[in-house]
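By written order: A, B, C, D and E. Residues from 1 in each chain.
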């Protein structure tokens, strides 16, 4: 069987799900953040494969934007996590419960 | 290429840059005036955009149909600018709580977020949708965690960051699927091809994932979970802007996606929207009942209001959309008024608990009256804005029930009704705390600066004006809704 | 500008004015409130006097477009149905303002709310536009909640406020849904009541639509009027409410739902009204009999009055349910009469509370000795409450009985029992325990209402009751022509052939209905 | 009709007096009482003027429209005929005398002005009943006399017993009124009119119009009379009503109001069919018997007279039921004279005794209060039916009527009651006026002032002569087509036309007197309980009617009230509202638990939300 | 470029490479999320770098050369370095082995399972492309598109980067007034 769109999409879906699983299960903010990057990347993969099989370039442009935005997001996010760590000496999600109910 | 269409956005971004630079040259003790300068500039922009000859007034598309100026975008842009002006006023009052060196940045970030919202209002393409939403969201990450000295602010920032990024991931994936199936990113062109894919699972999946992202922005069930924490932790002006700007941006995009891009799909989702709207209303209102923290209370209440606003979406009609926008217009002034009072009270008392409101009418009758009226308007009681807005929304829903013979709409109307009644309980709780809880020993008066008085007055006037003379706004929203249907 | 705009407008304007008056100018605050309501009352009397009975259409009309795209306009006008109500409302408002001397904390806010409430009520009754009708009612309703919550008395205050807010909001909102549905279904694309009715004459609503909308209006409005079994808020709320609020709400605002049923539901939803009439009639039994019993058990004067006021609503519903000219006219008569009566009783109980600090019936007794004026007034009010001739209530109730007799004889008999016997029992028991008997020593220092200013509200309300009791024609000749129109619309025959027996004139049709009546009577007799 | 304005003035002058007294002269006892007395005396004079101008044999109506709604036509109209004119004379005449008497009787009371206001209100209402030309108007005044009676019974409201008695009277009357209005509605529903004359002509034209419900309608209307005239089973209020001042008892509970029931029956006699009349007559007879039995063992001077009133009312009702309106009205009129006289005399005794009312504290008063004694004697003789006192004639007419209607059982009852009446009246008479003084008060008793004794004397004259001054002529002309007017001598000889009933009546009087004389001539205590045992106790306790009603009617209502209140409190308010409120609050608190503050939970919930959304749309 | 192009041009080889890269990507991704041997964020980060690199391999297979490069440069080169830098900076210890919340675990697994099943189910609805893939890695075309049609988003993204910059500075400024 030839490798086609379905295969790539399957990988992309699995990647997305793995990322999701990471977000849900891991407790370290940084790891969660990495999992989020995984999810974004899965979208990239999907876009690129669609782009390839639909013969349209717009998807790749979108990927370009996604990568840029992701980079910006990571920068802000990491700065935030660092600031938080300085305050709390922890990057654990469970320690972030000063506001609830 | 009608790049002149984006003059407004360019001006706002430029203004943001100027403010940031101005910071370098203005002495520290006068930085407050940077904000006032920004307000004046925005006021000018508002007037020009209102005039009809300004960039917003030209109804056209640009950038290959990616950017569209129509009555809808015009309405929302005006709404965003008004909101931003009021937030800047609030920020000026709040500035002593911010790190001293970063006041100007705070203003300029507000302007950048505003730019994102303005772009969102004109988005007619998923790329635009994505980047404008990201611009708003990332700016808000910073705005939410702006009080670095306060753990709650940072915590709120992180929560918003993670969940925001999560929702972005879903949305991006959804966009990928939509584009992958249809090959179109442009809303208008998508609408033309979408009918072919109406039963394509993967296409529907894509649309749903986009809705997840937008649902997050407007804090609709089941993506409402972040709202209370973030509202509570964020600096109050940010909260206010989040409650209005971010939410409204979510709604304008939701309207565009549902009614411009995939109207055929939306038509089948009446029940989905009904359920989401109903649960959102109930969730927000029910959770708010035992709430004692004012900002958190407003967080829950904003969830409930997202639900009310969704009534207009669920109605799937022009009158529903028009009602939604009308409601938003009233909501701007109401929520701003509420947060303004909270800002000032908190600055004075350093508490966010409702009990802190005790004796407020002795401290400052104006603030007490303003908060009361805001609560009354949120509860939907005449003659303030909230009443007529709810009236229009209910009307739209019942109209939908009658035209579509879907009894779910009646259930929705009754749920909304139940929500309104539940909400009376906690809104009146706030009023009660102001007027008839035991006054504390010390009832030192809260002194208001004249800009604060001015902006509170403006909020009150807006609330009353929209409630008592609905014609002007209603005509605008009707036009906007008509533009959406085209 | 129509005189109606002034009647409703002065109190609202005065409320705005009060916002600007510093709170320590108490005399001025009171004076403004009293003056504004006085002006309203005088204008209302003038309007009532100038009203031409039986004139075609509405009088003192005024219409200003408000939201054209929805067909909403500020439209006021009176015909026989509301002319009496507005008069009653204005007089009661004046009396309530006079009685507000008992409020001694946060007076400014109280008077503002009172004036807003007054303006809202009067405006709602004058309104001929469904939207404003509702809008102004809400405007009047909210101050009620706040007044009860802030100035209420007793330890059940919070609970009562909660319950009254909950109930009335539910009622109002259900009615709102009904009204919106009606607006949409009518297809007239206007909220203007006369226009909708005109439009519906040519394009009547389908029976299905009617059967959907009517219950919404019935129960929505019914909750506002404490229709059984949605009544439990009323005694409780009135039990804790400050008396001016209770006067205005029980006396005037509560009539809104009934007025809405007559003004909107009957003419526009005739078939539904006909098929629901028997339900209303039997719910009245709950009001009259059941609540009457509940009233018998009350140990608190205000709760007793509150329950009796709920029971009175039953008669009005019965009049409406009878769907004939006599019944509907009687219903409106009671609405006016009960307005004065409820205001009077709550004003009096407020006085007693102010003097004694309690309304527990067991604690009181023999008050007639120390409070001859108040006692006599209370006695007269109680007598009016059990339907004594000479007071306006009697003719209302009697008329309702005559009207309902032809359609619901069994219910009428039960209502008679409720009115004459049960009403008599609880009223005389209350008098016996409050006014009669030896005076407990602790009340030896009570002071009667001595100066004319204090006596005025009670005297005014009593005089109104007596005036309409002796000369009911003042009202009936005004109500009659317009009630006839409403009834004519409400009794349009149903396509399916089920005709609810109605009769506009007993005398002419007496022989025709003989057989039917005899059958009914036989069934009553066997019961 | 000449002087059409006069009836209106007669009716409204008392109302005017009420208004003037309450609004202006409440402070002044004398002025108030004079206004009130003036109103009723003027009424009497105007009645005479009117009769003088129009004569008795006259029938006319004057009316104005009060209210008219579609088929409901309510007039405010006055019906003037022999019946109402005679009643006018009784009400204003006897009433006037009682008003004058009250001026003396109430002189010490600080609320005398209020008293006279109430009295005027009552007079107004009573006149309204008398003059009413339609059912609703009659009902209105019916209610108004009820309330004035309530006010007057409760006049000394600080006495708990007075308050209770007033309440009881009001509620019992209300029970009767319930039936009355029910009946009115029924008649209106069937005949379409409320006016007496229209009804009469409609019914005359088509007697079957009332159809099957004629009996029911008749009995319901009789219910009104049952309440007002205190007929069994609604008789219980009248004895208690003696808590009011004595003039009130005389005016309302002897002469006028209680007679209103009989008057109403006579006024609307055309409505009743044979069955309903039959029932009415038996109820009347039974009441007469029952009340007479109860009277035997009462010790309160006023109560004894009250029971005798009950008993006499029973006579009247019985007679109406036997289709004898003329004898009934005749007895009503004479009864008004002598019973008012008895009450006023009793009042005089009470004043003399410093408000002691127990007859066993009195004795030997004939010396101390000669005028009172004399007039009381006349009243007693009239009540017992000793010729030639007025009671003799009217009672004889009644007995004759029973025989004429061949109602032998009721005849026997009538005769037996006559004997009982004599017995208890003379028991009272002997114990109060003869024997020894049984208390200090009795020793120091004194005669009443002239303003009180003069009305006594006036009434005594009528009690004596009432039987042959033309009363039957006037009533007869109303009810009998071919009535012939009799001269005074003919009237005086009337009973002798029919000897059997007369002799029976006289025999009964003789028996009763003999018994009373033997038992009570000089008795210091009541010898009867020892002789009768349980029966006496039952009599004394009024055959336990109060207790019975307490246990049934009142208890049932209180029980239902308790049930209703329980449902209200626990089901409607407690369970339903409580559940809604608690449920709302609880669900709020429960939902809130989702907001744990933990980011991970939020993420899970978010993803669950996505799953929910996807499943909702795509899962099917 | 040329070499790689040649390397993957053969259909079978391409398929094999796909499976290799795909397996590598997923395996590394699994190790990012759930590494049975280590819970250190550093390990996760390193595996993420590997994931990204193997993904760019997939990009290459899809003829998206420019993006493959950007992926490595930006992600592996910049973003991940940032991550590692932060991890080092914060001196993060291993994630403490706190007790796993059963509810969280089950809910997470179930929900992700459902998401996967819905995803996979919806895969079936993808219509096979009408024509075979013809798109080659046209960097030029991509650039043109980016600077013509997509100018506006591009500019907005630049503002976004500015915001991010400002934000990072604001959030990381040492001085706290």
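General remarks:
Quick note on the criterion: contacts are C-beta pairs under 8 Å (C-beta built on N, C-alpha and C of every residue); 3 or more make two chains touch, one makes a residue touch a chain.
Just so we're clear, the structure is a prediction, and the values are computed from it rather than from any experiment.
Any chain bridging subunit D and subunit E, meaning touching each of them, is among A, B; the list is complete.
Taken together, subunit A and subunit C share the touching chains B, D.
Taking each chain's centre as the mean of its CA atoms, D is the chain most distant from subunit B. Put simply, the chain farthest from subunit A by mean CA position is D.
A count of C-beta contacts for the chain pairs B-D and C-D puts C-D on top. Compare each chain's C-alpha centroid with the centroid of every protein C-alpha atom shown, and the nearest one belongs to C. Once the centre of each chain is set as its mean CA position, subunit A and subunit E turn out to be 7 Å apart. Subunit B and subunit C have Cα centroids lying 43 Å from one another. The geometric centre of subunit B is 32 Å away from that of subunit E, both derived from CA atoms. Put simply, the C-alpha centre of subunit A and that of subunit D have 96 angstrom between them. Each of residues 9, 16, 19-20, 23-24, 27, 29, 32-33, 49, 54, 56, 58, 61, 65, 69, 72-73, 76, 80-81, 83, 94, 96, 98-100 in subunit A touches at least two other chains. Along subunit B, residues 127, 130-131, 134, 138, 141-142, 145, 148, 158-159, 162, 166, 170, 180, 201, 204-205, 228-229 each make contact with two or more other chains. Subunit E has residues 104, 107-108, 111-112, 115, 118-119, 121-123, 126, 150, 153, 157, 160, 163-164, 167, 171 in contact with two or more other chains.
Counting only pairs that meet the touch rule, the chains in contact are A-B, A-D, A-E, B-C, B-D, B-E, C-D, D-E.
Within the complex, the subunit D residues that touch subunit B are 584-585, 587-589, 591-592, 594-595, 597, 599, 602-603, 605-606, 608-610, 612-614, 616-618.
Across the interface of their complex, subunit A is touched by residues 592-593, 595-600, 603-604, 607 of subunit D. Note for the complex: subunit D touches subunit E at residues 600-601, 604, 607-608, 610-611, 614-615, 618-619. Listing the residues of subunit C that touch subunit D in their complex gives 162-163, 166, 229, 232, 236, 290-291, 293-294, 296-298, 324-326, 329-330, 366, 368-369, 383, 386, 388-390, 394-395, 398-399, 401-403, 405-406, 409, 412-413, 416-417, 420-422, 424-425, 428-429, 431-432, 435-439, 472-473, 476, 480, 484, 503-511, 513-514, 517-518, 521-522, 525. On the subunit A side of its complex with subunit E, the touching residues are 2-11, 13-22, 24-28, 30-31, 33-35, 37-38, 41, 44-45, 48-49, 51-58, 60-61, 63-65, 67-76, 78-83, 85, 91-92, 94.
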